[in-house]
Amino acid sequence: MDASGNPVEHRTSAPKRRRLAEVAKALEATILRGDPDMELTDFATLGSAGPTDISFVANQKALALAEKSRAGAFAAPEPMDLPGRPVLRVPEIWEAVCRLVGIFRPAPPVASGIDPTARIGEGVDLGPGAALGPNAVVGNGAAIGRATVIGAGSTIGDGARIGHSCLIYPGVHILHNVQIGDRVIIHSGAVIGSDGFKFELVGGRPKKIPQAGTVIIEDDVEIGANCTIDRAFLDATRIGAGAKLDNLVHIAHNVQIGRGCMLAGQVGIAGSTVLGDGCILAGQVGVRDNIRIGNGVQFGAKAGVKDDAPDGAVLLGIPARPIAEFLRVQAALRRTPDLLKRVRQLEKRLEQLEGGGQKA
Amino acid sequence: MDASGNPVEHRTSAPKRRRLAEVAKALEATILRGDPDMELTDFATLGSAGPTDISFVANQKALALAEKSRAGAFAAPEPMDLPGRPVLRVPEIWEAVCRLVGIFRPAPPVASGIDPTARIGEGVDLGPGAALGPNAVVGNGAAIGRATVIGAGSTIGDGARIGHSCLIYPGVHILHNVQIGDRVIIHSGAVIGSDGFKFELVGGRPKKIPQAGTVIIEDDVEIGANCTIDRAFLDATRIGAGAKLDNLVHIAHNVQIGRGCMLAGQVGIAGSTVLGDGCILAGQVGVRDNIRIGNGVQFGAKAGVKDDAPDGAVLLGIPARPIAEFLRVQAALRRTPDLLKRVRQLEKRLEQLEGGGQKA
Amino acid sequence: MDASGNPVEHRTSAPKRRRLAEVAKALEATILRGDPDMELTDFATLGSAGPTDISFVANQKALALAEKSRAGAFAAPEPMDLPGRPVLRVPEIWEAVCRLVGIFRPAPPVASGIDPTARIGEGVDLGPGAALGPNAVVGNGAAIGRATVIGAGSTIGDGARIGHSCLIYPGVHILHNVQIGDRVIIHSGAVIGSDGFKFELVGGRPKKIPQAGTVIIEDDVEIGANCTIDRAFLDATRIGAGAKLDNLVHIAHNVQIGRGCMLAGQVGIAGSTVLGDGCILAGQVGVRDNIRIGNGVQFGAKAGVKDDAPDGAVLLGIPARPIAEFLRVQAALRRTPDLLKRVRQLEKRLEQLEGGGQKA
């Protein structure tokens, strides 16, 4: 059952059958409790799991839910335990979760081999094991690294270079000369290398300034569905190694996103702004152009950022302010109607006093 | 003419010719006034209609505009009338509007038949009358219900199941194992089943947690252009029956949207949040993760929602507050500059009084 | 080097070689200083340029940066000069920039000729020099003007009409009967002509009202990546001549955008709203439905617009207010915590006075 209490059917294919001992081995786990021959057929959340499913306990908070779970077995790290229930003691719970998905819920390949309908331009450098889905288009002089997979209908522009072991889902558009590192994941509908938004007045009318730079996406970046990342004017818009962008994020031209930044859904960063490493931007944050954000800066949801921010700042609100100031203003704001009443009363009392003084 | 006063050319094809009596019959209407043989050629708004067009009067407010309209005839429900002008009395105005569109402005089919360039994987279950446009791709083991239409260049992942009578516009990407009900409409560029945004720290570095659940879209849902709906981690992200999503809406993994919810453009819902039935979210609303919104809750445009909300709540602002509180704070806010002045005056007057006291 | 100090590789192809005199001629410039035979290989920003690159100085502010630049030559308008360095005196700097891009950084064509995999429907009117990329689809009765280029995988619906010299990037979806003027640029993933979001209660349940109008995009418009522009109910959604939309902008049905408007990333305009000419909307602005915005109105980033606005208004905030009022409220807001303290003190002092008065 899902969070609404409805039954869900979300198995990806025919159920897999694995003995508990096999699973333990694959997870480099020890069987803390349970029959090694017990048969497991799926990996599921605590709330959804049935008696032939294995689930997992990531932390203390999950333990209460686990006790009510109908799961047949549990993966759990030290010191979590479920007395009386089959438990695999795993060295690292999220590593175990990844392996359990691999065993019970493997995703079908996004593409395999070179589909006969894929179009490959002239002088394309295709690495060994690279796959192109139906109707994928690779432009002249492009390079696709080994084991990189390009989904159906995706288009790779002339001269674009994509590293190895990348996963480009269906319907992604990577424009000319864009450079993408290794192990990069790009979800459907993302557009990388569209023109930056630059117009200059010439003779009183806005003239489009061609955008002749590029986008560089470093290693291990993940880019969400329907994101847009504009190419720089002459240099490169850059997404630093390990950065993760959620869906519908807009990155304008010349922006520099630091290593390991996390940008939640619908964030927008305006032109030439620089984000340091390890910044975290919650959903729908907007950052203005040409500012400089330090390392490890965090912005709360919907923040409107108009000024530079120092390393480690935590900012909230529109315009974004340091969290302490934001909370102080918010608290004062809630008391403003009351404040109005108190000032009105003060005025009356003072009037009386002044009147009294005059009378005296 | 359109709202700017410009002439518009928006007829979809050669004009249709229909006698007023024919139209009346198709609408199950009676001719309240007008020549049954009068020829009509198009259906148009009150402002745009010319003497051979039929228009409509939905309510009292439209009556004034109708009187100035050049339309040759009007569809109108009880008790609306336009003395001296041809009027069809219709039982239900919006039902009549739908039929008038069908008569005068039928949309061309999104696809018809199985285009020879469509790619159909192994073991695909294709219902009778299903249509696949040019370059549509249907993955292995997928199922497409009867009379469902898939537009050009759309991709359907392995194992995805789409019900009957659905309309999938060109360039939609539905990923593996996604489940879609009957009579669902999905507009171009929407992505259903992209990975949820889930990273966990392993050895101090964020590790991608594979998203191995799915998305369930129930019957009669409509999803706007370039929306993104992420698959759940292990369970299912769910869009309840009859829910309508406008363009560029982002639904994160594990979210549950209740039946009949209306989400306006650019709304974003973060992970695992649950919306009850019949909620209405105005444009650019953001809802944080892991909260629970009751039934029939309404959020004003741009609201930032960070807390659970009870059934029937009406909330506005960032952070979202009950409407009464929001309006009180807004009113107080506008008076804050004045308040500042009044406090400054109070301080002066008090000082004088205190000074006076000392002198005395 | 880019703004982060990293070396960038963003040349689009083999370096071009041009003598300074050749470049001067192409720019209609005079050589203010420098060897006419000096060889130039690229056009680059002041910060990135090396000794064989030409850069440019647009204004006084750039002069300081130019002095530190390693560029081999500079394009500069009156009165900018760099004593001792090769300078081309150009009549108009942004015109010169466009030409320098054309010389050193020409973009590869988005498509050339009619690709054999392109699908052309019945009765299509294809102008001379029009190009269709791989898997482009043009519906029945559509018209594509001369020299218009349609990128790979883009789909043009039945009866759509596109003018001449347009550039439609890969993966754009233009639906049936949409009308597009001349010299229009549309970036990847944009959807033009999706259904407006219109539901009316019939028998207590929301009924979809078919959207049978169209979208008219006038000459010289540019539309960013993954924008969505909905078709009108019966009339036309209109984007006025010369308007520019950045990425992920949402335009609802029946909206009228005036000539030369600039809409930054992630802006959303709700149904039937009318914007005058020359409006500027900063990032993430939201404008409600059925309002009328005058000519030359400017909205600051993230503004939430709920009321009509007169010509020339400058509005900020949620809800949007005139800038003077907005700034006054913001200033007062920041002082609100302090105000609270001052009122508390006033109350104490007044109590003492009153108490003193009583004692007296």
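In order of appearance the chains are A, B and C, and numbering begins at 1 in each one.
Here is the rule we go by: contacts are C-beta pairs under 8 Å (C-beta built on N, C-alpha and C of every residue); 3 or more make two chains touch, one makes a residue touch a chain.
Remember, it's a predicted structure, so these values are computed and weren't measured experimentally.
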item	value
Equivalent interface positions on subunit A and subunit B, same or different at half	different
Angular offset of subunit A relative to subunit C [C-alpha, multiple of 5 degrees]	120
Between subunit B and subunit A, distance of the C-alpha-averaged centres to the nearest whole Å	25
Sites on subunit B at which at least two other chains make contact	117, 135, 153, 171, 189, 226, 248, 266, 284, 318, 333, 336, 339, 343, 346, 350, 353
Partner subunit B, residues of subunit A touching it in the complex	2-4, 6, 8-10, 12-13, 43-45, 47-48, 92, 94-95, 97-98, 101-102, 104-105, 107-108, 115, 117, 133-135, 151-153, 169-171, 185, 187-189, 222, 224-226, 242, 244, 246-248, 260, 262, 264-266, 283-284, 301-302, 317-318, 330, 333-334, 336-337, 339-340, 343, 346-347, 350, 353-354, 357
In the complex, subunit B residues that touch subunit A	117, 119, 135, 137, 139-141, 153, 155, 157-159, 171, 173, 175-177, 179, 189, 191, 194-195, 197, 199-203, 205-210, 212-214, 216, 226, 228, 230, 232-236, 238, 248, 250, 252, 254, 256, 258, 266, 268, 270, 272, 274, 284, 286, 288, 304, 306, 318-319, 328-329, 331-333, 335-336, 339, 342-343, 346, 349-350, 353, 356
